[in-house]
Every structure is written in C-alpha cells, then in structure tokens.
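Chain nomenclature is as follows: A, B and C, assigned in order of appearance, with residue numbering initiated at 1 for each chain independently.
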Amino acid sequence: MFYYIIDILGTIAFAISGVLVAMEKKLDVFGVLIIAFVTAVGGGTLRDLLIGIRPVGWLNAPIHILVIVLTVILAILFVKQLKYVRKSLFLFDTIGIGLYTMAGVEKGIAADLSPVMCIALGTITACFGGVIRDILCNEIPVIFRKEIYATVCILGGLVYFLLIQFPVISNTIAHSLAILTIIVMRILAVKFKISLPNIYREI
Amino acid sequence: MFYYIIDILGTIAFAISGVLVAMEKKLDVFGVLIIAFVTAVGGGTLRDLLIGIRPVGWLNAPIHILVIVLTVILAILFVKQLKYVRKSLFLFDTIGIGLYTMAGVEKGIAADLSPVMCIALGTITACFGGVIRDILCNEIPVIFRKEIYATVCILGGLVYFLLIQFPVISNTIAHSLAILTIIVMRILAVKFKISLPNIYREI
Amino acid sequence: MFYYIIDILGTIAFAISGVLVAMEKKLDVFGVLIIAFVTAVGGGTLRDLLIGIRPVGWLNAPIHILVIVLTVILAILFVKQLKYVRKSLFLFDTIGIGLYTMAGVEKGIAADLSPVMCIALGTITACFGGVIRDILCNEIPVIFRKEIYATVCILGGLVYFLLIQFPVISNTIAHSLAILTIIVMRILAVKFKISLPNIYREI
C-alpha cells in the first residue's frame, strides 16, 4: 500500500515533468497529454518490450492512465502555481526514480537475467521515459548531458546486488536500502552540484 | 474485399504523406522510401509491439511493401502532379485514419484489453506512423500541434464502445458507424477550421 | 570462432562511430556510452522486437556490453589517436555491415519469413543502430541522405537468395559470398564516390 502510493506520486512527478517540457515547446492539449504519458510510462514500456513482457504493463493498468490524465488537467489549469511545489516535485521525482529503478531490476531478475542486465533494465525504466519525452520534443535527451541522473540509478542497482550477497540481509531490506541510496545520492548530488567531470567546454 | 481495397488506398495515402515530408527534407531515394514505409506501417507496428503480437503485422503482409514501393516510385516520378490529386489524397488519408483506428480497437479487443486501452491502441495505430515520420525527419510531430487529428480517432473509438452497449446494434454496424464518425468529423473539422482552443500564442 | 572475432570487431567499429557522433554533440560520459551502445546493438534490437524474439539478443550477451564499455573508455582516452586508425575503422565497419546484414537475414529465415522480409530485416540490423544514434543526437539519420550504405545491404541480401537457388552452392558459400559482395561493393562505392543520383540540389 505504502509502495503503491509512492508509485502514484512518482507517476505524477514524471507526468508533470512531461507537461512542463511540452508546454515550453508550445504543444497543444493533446500533445501535452501524450508527452506526459510517455514520460511517465515510456521507460517501463521499453523495458517490457526488451524483456518480452506482453502486453506491456500500462495496457493492464488503467489507474496510471487516469492519474496521468488528471495530472495533466490540473497541471495545465494551475501551471502558474507549479513553481510553488517545485521542491515537492523534485522529491516525488527522486523517489520515483528510486522506485522505477528497483522495479526494473526486479523484472530483470524475474526474467532470469544477469545482474548487469538487471541494472541496465532498472536504469532504462527510470531514465528512458525522459529520453523519449526529449526526442518527441526534438531535443537531445537531457540525461545525456547531465549524467548524474542515470549514474545514481546504476549505483543503486549495484548497492542492491552487493547487499543480497550477505545472507543476513533480507531481500526487502536490500531493496529498500537501494532505493534509499538512489534518493539520498540524487539529493546530495543536486544540493552540492556534483557531476562527472565534463570532457568538453561549451563556448 | 471492399475493406481490403480501402485499406490499400489508406496505405497509399499514408505513404504519399511520407514521401512529401521526406522530399521537403531533401532525403535521398532510400530515405524517401523508408519514411513512406514507416508512415504507412509505423502505427500498426507500435500497436503490435505494445500488445505483443509477433511477428509484427507487415512482416507477413508483402502486399503492403509492394504497394508502398510502387507508391513511392510513382510519387517521385509524378511529384509535380500530386497537387492535382490533393483532394483525393485528403479523402484517402481520412478514410485511412478511420480504418486504422478501428483496426487498432479490434486488435485491442482481441487481446482482452479494456475499452480505454482499445481506444488508445486505435489512436496509436492511426496517428503514430505520422509521429515516427516526423521524428525521423527531425520535426516535432505535427499531431502534437494540430490535435484535431488524434481527437477524432478518440471520439470514433468512444462512439464504437457506446453503440455496442445497445443489443439491437450489431458489431458490424457499430464498426461502420464509428469509421463514418471519424471521417465526417475530420472533414467537418478541416472544412470549418475547427481546432481545440490554443493555450499559448506564438509571437 | 573466426566469425565471432569479426563480430566483435564490427561491434567495436559501430561503438566507435557512436562515440564520435556523441562527442561532436558534446554529450557527457554517460551519454557517449549510451549512444555507443545503441549504435552497436540498436539494429539487432529492433529486428528482435519486430520478429518477436524475447528477450532481445543483447540481454543474454554480456560480452557485447563489456566490449562496448571498454571501447568507449579507450575511445575517450585516445580520441586524438582515432584518426590514425580511420582506415581500419572503415574496414571493421564495412565488415560489420556485411555480418549484421546476413545475421538479420538468418533470423528472418529462422522465423519463416519471406525473402523480401528477410532482406528488410538484414538491412534493419545493419543500418538502424546508426538511425537510432542519429535520432538520439537530434540529427536526420545520415543513411537517409547517403543511400549507398543501405543499398549494399539490400543487394547483399539479394545475392544470397539468388545463390541458394542453385543446388550446387552450399548455404555457407552463399552466405560468405553475400557478405563479400556487401564488403566489396561498399569499398568500391566509397573509393569511386558512387551514389544514387540525387533528385534535388541543396543551395
């Protein structure tokens, strides 16, 4: 139940990030809705396609569509007020990334894939909604230019696979600690403006 | 047989719309062919991937490839004459959208999905060939900026699911009326320049 | 074993072409890695999705991920030296295209698809990694503007299906001759600057 609520909050945060990018591009209502939708479910969809889960998850999860539609309507109506909840949005988004990453890792394990592939799938789940959003809006994906976003997903996945090597640590605890790692690292990275050293310099 | 001919006409119209966009971008012959192809089969391909139909439809439908290749050759040879058939093209395209939408709805029903998801799949079938075309040509998809295109697909799907609630209406009739709704609404929307109110204004 | 080594060399060449495009776009380390990855495995992934092979190939081939990661690290470290191996890179890339094309054709045959579809899948395998690379980097795919790249794949596929009509020619020989055809034609096309006649002229 607790996870379920957080999952919905993550979906909302992802959908709002889609709304904001789409409105910047002056898309119409339908365009804004589609961009919000792909931002929220795109990563999981790509993961399901790659693993071969069919149909892809959201086709059997009407609750997500409902949440996304409501989010888009409210976000368009109250777009000016969105800046007042910027901090909450960042928190939801960060929690969403943590949950999405571990959801992807779990699906990979369920499909008998190796840890490296599970981590790749977790990162895809968390990050590729944003990649598809940016491609549809004709931008180079932002996560290819601010790498810390994807890096924390990879590190979170590593933490999980390290922890489950210890028999004393239950799966639930390893799972929760991995999510916590992602959340804490992302908050720290943003707070202290940590990023990998840039190899070029734009003029 | 009747549906079959209309399906081919819709494919031709979609392929030609691909040729026109690709030629505007000065792509070479191979590029024009690929863009025409994805415009015509892209929506159905994405639908099949999401549902999990395998292999995707066109891999077992050589007739579509043949029609698309011939269309591309003729469209390149007679590109100057295309403007004289502009009205027929619009009609084929509109009929194509109607048919593609209901084809997507049907595949959704066959996969036991809920009405909302069937309508989503119908809209994807009709619209996402154009979305992939625009992405490959490095444009923000035109349907995200002129929403009436997708909106009529959604309304057509709703009409279908409303009609089949009445036991006196056979499936075939509901099906045909839904397609007719899409065609009539699109023609009216274009004739009277109806579009959803724009929430921004470009300067 | 011989094929295996060449496959790895092809993967390296494809990954490096991804690194070069990504660095031109000033992507960060993570972005460069992802672009290298999709360039190398994107075509095969799309092919597997279209046919319905699940999970897609690379999820069970950690060696490819390892090779790509090492290639990216070395390519970033020695980016200035890459120009000295330009000729070798072109050769690897050309051999890679030949192998990828025939690998795609084979998967199509294994899925009982018609020759036309097998050739289409072979061309997708060889070319669409580059297409996805260019889309992610916000460019119109280069192969839609320099068609000879895809054309040699199609011709190679045709050669294969022509040769296996003759009972005296074994499958292995037809396979090898098709790969050779692709390699020789591409080298000749680049050497003599052959390309299909352009139908437009940019000002």
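Throughout what follows, a residue touches a chain if its C-beta (ideal position, glycine included) is under 8 Å from a C-beta of that chain, and two chains touch if they have at least 3 such contacts.
Note that the coordinates shown come from a computational prediction; the quantities given were computed from them, not determined experimentally.
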- Name the graph shape formed by the protein chains and their touching pairs; answer line, ring, star, complete or other. complete
- Quote the value, from 0 to 180 degrees and to the nearest 5, of the angle by which the CA atoms of subunit A must be rotated to coincide with those of subunit B. 120
- Query: Between subunit A and subunit C, what's the gap in Å when you average each chain's C-alpha atoms?
  - Reply: 31
- Multi-chain contacts in subunit A, i.e. residues touching at least two other chains, fall at 49, 52, 135, 138
- Task: Give every residue of subunit C touching subunit B within the complex, in rising order.
- Result: 49-52, 111, 113-114, 116-117, 120-121, 131, 135, 138-141, 143-147, 150-151, 195-196, 198-200, 202
- Interface with subunit B, subunit A side, in the complex: residues 22-23, 25-31, 34-35, 45, 49, 52, 54-56, 59-60, 62, 65, 76, 135-138
